[in-house]
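Chain nomenclature is as follows: A, B, C and D, assigned in order of appearance, with residue numbering initiated at 1 for each chain independently.
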Amino acid sequence: MTILAGEVNSEIQQQLLSRYRRVRGETEQLVDPLSAEDMQLQSMPDASPTKWHLAHTTWFFETFVLRPHFPGYRQFDPGFHQLFNSYYNSLGTPFRRPQRGMLSRPDLDTVFAYRRFVDDFIGRLLDEHLLTQELETLITLGLNHEQQHQELLLTDIKHALSINPTFPAYSDPIPEEEDTGQAEELRWLRIAGGVYGIGSEGEHFYFDNESPAHQQLLQDFSIASRLVTNGEFLEFIEDGGYRDPRLWLSDGWAHVQQNACTHPLYWQKREEGWHQFTLHGLQPVATAEPVCHINFYEADAYASWTGKRLPTEFEWEAAAFQLRRPDQLATANLLEKRALRPLAAERGQTQFLGDLWEWTSSAYLPYPGFRASSDAVGEYNGKFMCNQKVLRGGSCVTPAEHIRMSYRNFFYPHQAWQFTGIRLAGD
Amino acid sequence: MTILAGEVNSEIQQQLLSRYRRVRGETEQLVDPLSAEDMQLQSMPDASPTKWHLAHTTWFFETFVLRPHFPGYRQFDPGFHQLFNSYYNSLGTPFRRPQRGMLSRPDLDTVFAYRRFVDDFIGRLLDEHLLTQELETLITLGLNHEQQHQELLLTDIKHALSINPTFPAYSDPIPEEEDTGQAEELRWLRIAGGVYGIGSEGEHFYFDNESPAHQQLLQDFSIASRLVTNGEFLEFIEDGGYRDPRLWLSDGWAHVQQNACTHPLYWQKREEGWHQFTLHGLQPVATAEPVCHINFYEADAYASWTGKRLPTEFEWEAAAFQLRRPDQLATANLLEKRALRPLAAERGQTQFLGDLWEWTSSAYLPYPGFRASSDAVGEYNGKFMCNQKVLRGGSCVTPAEHIRMSYRNFFYPHQAWQFTGIRLAGD
Amino acid sequence: MTILAGEVNSEIQQQLLSRYRRVRGETEQLVDPLSAEDMQLQSMPDASPTKWHLAHTTWFFETFVLRPHFPGYRQFDPGFHQLFNSYYNSLGTPFRRPQRGMLSRPDLDTVFAYRRFVDDFIGRLLDEHLLTQELETLITLGLNHEQQHQELLLTDIKHALSINPTFPAYSDPIPEEEDTGQAEELRWLRIAGGVYGIGSEGEHFYFDNESPAHQQLLQDFSIASRLVTNGEFLEFIEDGGYRDPRLWLSDGWAHVQQNACTHPLYWQKREEGWHQFTLHGLQPVATAEPVCHINFYEADAYASWTGKRLPTEFEWEAAAFQLRRPDQLATANLLEKRALRPLAAERGQTQFLGDLWEWTSSAYLPYPGFRASSDAVGEYNGKFMCNQKVLRGGSCVTPAEHIRMSYRNFFYPHQAWQFTGIRLAGD
Amino acid sequence: MTILAGEVNSEIQQQLLSRYRRVRGETEQLVDPLSAEDMQLQSMPDASPTKWHLAHTTWFFETFVLRPHFPGYRQFDPGFHQLFNSYYNSLGTPFRRPQRGMLSRPDLDTVFAYRRFVDDFIGRLLDEHLLTQELETLITLGLNHEQQHQELLLTDIKHALSINPTFPAYSDPIPEEEDTGQAEELRWLRIAGGVYGIGSEGEHFYFDNESPAHQQLLQDFSIASRLVTNGEFLEFIEDGGYRDPRLWLSDGWAHVQQNACTHPLYWQKREEGWHQFTLHGLQPVATAEPVCHINFYEADAYASWTGKRLPTEFEWEAAAFQLRRPDQLATANLLEKRALRPLAAERGQTQFLGDLWEWTSSAYLPYPGFRASSDAVGEYNGKFMCNQKVLRGGSCVTPAEHIRMSYRNFFYPHQAWQFTGIRLAGD
């Protein structure tokens, strides 16, 4: 790579650098309430320690941007190449995921020094070097990757803190964000059948799994105007929903029986009523708020109980697009609002963006014509396209900048530690 | 139910009875080479003992036909209601599946007596009673159910016998069904994009999961003219296919590592070369024959290695329909041929029907508008629509009468004890 | 080996042959009520199919007697060498124990033919060949081994039949063996401390683990005059014994919690009261009969609840020897009585022999100076001397000829499928 | 409790207080090289985080000394009663052991504040209150308990750090503690048979499991003059010791196969030869040093390979007592020496104390007449007397004040993360 002095420091490079610094700073702001000990915790193989998130997102920039593209770059610590690789087998065998919580060394200070070190080089890269298209793509990918981990970092620490019988809070609740007591009435919105454009294409950023943009033939369907609430889900519980095998998929019923499930994750019944563990500690279950930390099996069983069903991801995308409003992103309950929990739907809010990731009935599969890219970054999404379900719409811990109508999130049907909820559909 | 003497004994009822007797007789013919001890074996929770298959298929007729529809019917043995229920939770808690092999009582003679008992009542039902539409539907469903179990019975006993280190044979091979030594050259068949009709509707029998018939929008694609052969798959093995994580889905790679997979199920390397356990005992791997007992992960990894992919179930159905030939069913390698193994593709045979079930890339999901029926028989298919993959086309142990272009079989991605193989597709 | 015609056919050889035929015949008599299907069952890795017992005991004579000692002997089937090896690693890798139930081939008829074949050769050996000391020792060991398996085949088939929800019986109960309603009052017998001779030596048969005979220094102790009854154990249950961690060893409490134990194996509470599965099917729990199918943890917890303890194996042997009576063996409830269940203690019966194996507090360890013999037969006992507990006294399914005061049986503390019970001791 | 001013502040109370402060200070000195992040680690259910050790030892004094014996004492934090209870079920359900590593809160500073708080009250108790016999016993028990945890915290952190692929050191090695290159020649010491006194009694401290003192009848035996070395164990490895089932106990062989064992814990073969992870990081295996982190199965298999055996705990105690030397404790390699690893035996050192805990062939069982005390402290030792093996002699991380000839340590046969080694014996 040649330094072409006359062309660098352009406005685009400065904008990218500014965005880089903002996103990286937001990550560090999110971990501010946590101690080094908190950031060491790993409560299950699916989750990672906060400290690991801080290092891995940095590793991404070092591995895919600096090492191939900054001439003469020398790694902060060569051992980190293995330690903070998540799952890129083409880069060597990653350190065993279930034992990430065992890495007391490097300590937190060293991980912050690693962030500084890489940040400085990215700064120099964007100040002094010519930004190629490839580089801009990689840095933008890195920032979107970091935003994903902002969300994961919060759901992972929530899970870790939930193990502690003293119910420690990540942060204090925002005062005056009170339980409204009543949810908006649920309405059924009709969407006409036809051929709909699905997925993303063009200049803006999107993940490879959102492409190729293509057409899907849909039949007429209806979709609920808001998410299912705690109050509605309580009726399912009280009606014996968790005990009736006819409501459940076969694998779901096996899961319920093996794990003796009787309520959503983080719920517990106390003498004074149902409570749920939140990022603000243990709180009463507010009936008007959307029911959350629901796995796919629960979402599907609830839908069966109502006589409805979950939407496909194509129906979801078509409906969300049709029903979009100009101020939707600005008013949605996303990370920036810092509610850190789903909120009751107010005056006509559809909750298509924010609040909770919405389970769809669609399996996570490649779009027609999808090909994973052949380089290491190509391991990004394609290899997970099996056994998982698509979720749509982002949650109360998703950064606003990160979410799109075409965004495809994916988890296994039994997983519930993300902020996940239910929207019903019908034929 | 009222007996209307003037209307019974019609030709339709006699035809149905004749078919009933034939299908039931075929089942018993299939178990003829097996001893009572063989028929007791259950080698894994996924499989069932032969004796259990004999009883369960009978239970189906007793439970769904005789008990509700034959006035005054009394069960052969009331305990069988629980013992031979497979998974219909709405009929009570079934006996634990993994312990079906523990039921030495009832003994085989009693199970055959049970078959006779039920067969007699079905005979009386069709001789003496008016056949309603509902009854005809249920009996036809029962016969298709029995045919499914004819296939399962053979794959289950194959698995059970494979555990025995003496490699016992189910039966002797048919002489003169020799290895042709060379497979037909693989050609790529082009199918034009467009809207294709998918699924079944109308008068003939089909399972609920094949409906509603509906339209799918497909892009142009190509599809292989035959199945992948053992010889081709050996190249994948020898090229290190089982050791390269980049070829595998993430869950597939985990499966390969946890189970130390290095070859297909039933294969073993001996001094004199690769062998595979078959229903005729241990046999050399014939390079021209289709590779079989492949799980979805292996099929997908093989496709990645070739730079191709698996077809979707919609592409498969559209292609199979487009390329059908008049004598296809008659010439296909299905159960009636008694080869009991896949055969090398001859002169232009496409192998779309018979030989091996073909993994598709499609998840097993409901067709648009699908609703499971609300009675007990409604547990039939819908509750399995999660975490499984669709396979198409039938195998060398599928009865010819049982298979259709629209037939959707489904198994978990890691399962390989059915006769499963690979057909490639491309964009 | 040379045939010395003048010396064979002696009375001793004929006596041994006669004993051989009797013991072998007793085994076959025991399996008489079972079908080939019953004899195929293996309900857990710890247990073996009846058919396997029939073959393995035969394998023992073939492997350790005929092959090394009968000139020119040719195996019945060379494959049996691996199939019916139990755990003699020095003879090659045995077939995997948990899959013994998968061996439908050889079938039962072949196994009986195998028995005939070996029996004939043993007959010829004893008729025609000179009996060396080594040979006599090996055949006697083989007969004791066969008697062990007579007991195991009954406990294994009991476990297998217990899985069947129809509670099938191995045989009908002997009429007039009724519940006496009341057990003998429990008395405490004092044994003075001192140096006691322990173990066996001399001409009669004993297992290697009973030697070397040696001395143990014991303190004064007392021992119960009979076994603990069902009625007494019910008090423990009703007093919350299974719910109080203070009564249990740490590993025992973990076992109780992991398995949700609330009663002995084979017990179940029905509307009409407690029942237990027996070799005669499901029967009411008779309060006067000894409580059986107790694991060591239960025995120890029960003893803690009473404020007493279990005896050491040395205390047991010293007490049993001190308190022996001339007619003890003849009157004891052993296999020959065919009660097949423990019986209430009558008029001064101590139950030291028969009824139930009695858990001692002793770990199964080598006696001072014990050395396992270095040949294959030497794998017999020594390698199990870890993690197991000693039981003493024989049970209602132990052949009378097989039991001795010095006999050391051994099982893991969690195991309860043998006929095991509790005798208390005190300081 | 009444304060009797005239009697307190006695020399005895001040000595006890001084000892209390010294032992508590030693614990804190041991954790000095560790960060809060290090002290959070729990690498397996058997091990605990350092921070938990710091809190639990404090909880012991609070629970058994201050709460019952300091009038008006109020807990530092009532929630700690559950959090830092190890296994005393009679005090309520302890927090789940495998999740101790999830307790980021309370943080390390709070745990140190807890220690200060309890230390202050103990100081006041001993300054201002009359010391009863019961109180002195409890405080002395608490100090011995704390010394046990000093050893455990080092073995636990060693295991935790070993997971980290960068092999972090707990501390730097002491310079000039070099590999001597050659071990003392092994000699066989004869001990005559007879009646030996075993166990502890009298005024000095000992654990309940060392009592009652009693007599054991021993036969003549010989015992090795030092521990088995790495060099000697390497011969076992190179001779195929890990591959020969005849050398292993049955459970040991199963363990070797399930875990694919080929060398001791913490060993790894590098290009430049065998290395082992130590508290000073990865180090070459020094042939003259005792082989350590050996489990019982390995110890027993090694002994079989040599044709020798392990001593019983009674033989060990008799031999160690017979062969004791005046300066033995002063010269032994115990914690105070800070070698933190076993050292090669020098000039006639027998290594009976220090270096490594020595596996005996004895099961961990109660001594004759042993009764666990009935209060909560009574859960201390008795309930573990099942399935474990006795180890004797202390190790390089045992405090000198803590060890005695009669001291009985105990672990499961498969465990190797303590500093454990092998001493041979013979008949």
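Going forward, contacts are C-beta pairs under 8 Å (C-beta built on N, C-alpha and C of every residue); 3 or more make two chains touch, one makes a residue touch a chain.
A quick map from chain label to UniProt name: A, B, C, D = Ergothioneine biosynthesis protein EgtB.
Since this is a predicted model, take the numbers as computed values, not measurements.
Looking at subunit A and subunit B, no chain is in contact with each of them. Centroid analysis (C-alpha atoms only) places A farthest from subunit C. Where the sister copies subunit C and subunit D meet, the same residue numbers recur on both sides for over half of the interface positions.
The centroid of the Cα atoms in subunit B and the matching centroid in subunit D are 60 Å apart. Subunit C and subunit D have CA centres that are 39 Å apart.
We define each chain's centre as the mean of its Cα atoms; on that basis subunit B and subunit C are separated by 46 Å. For subunit D, no residue reaches two or more other chains under the stated contact definition.
On the subunit A side of its complex with subunit B, the touching residues are 87, 89-90, 195, 214-219, 245-246, 248-253, 296-297, 300, 361-363, 365-366, 368-369, 379, 383-387, 413, 427. Against subunit D, the residues of subunit A that register as touching in their complex are 35-38, 40-41, 43, 51, 79, 82-83, 95, 99, 101-105, 107-108, 160-161, 163-166, 168.
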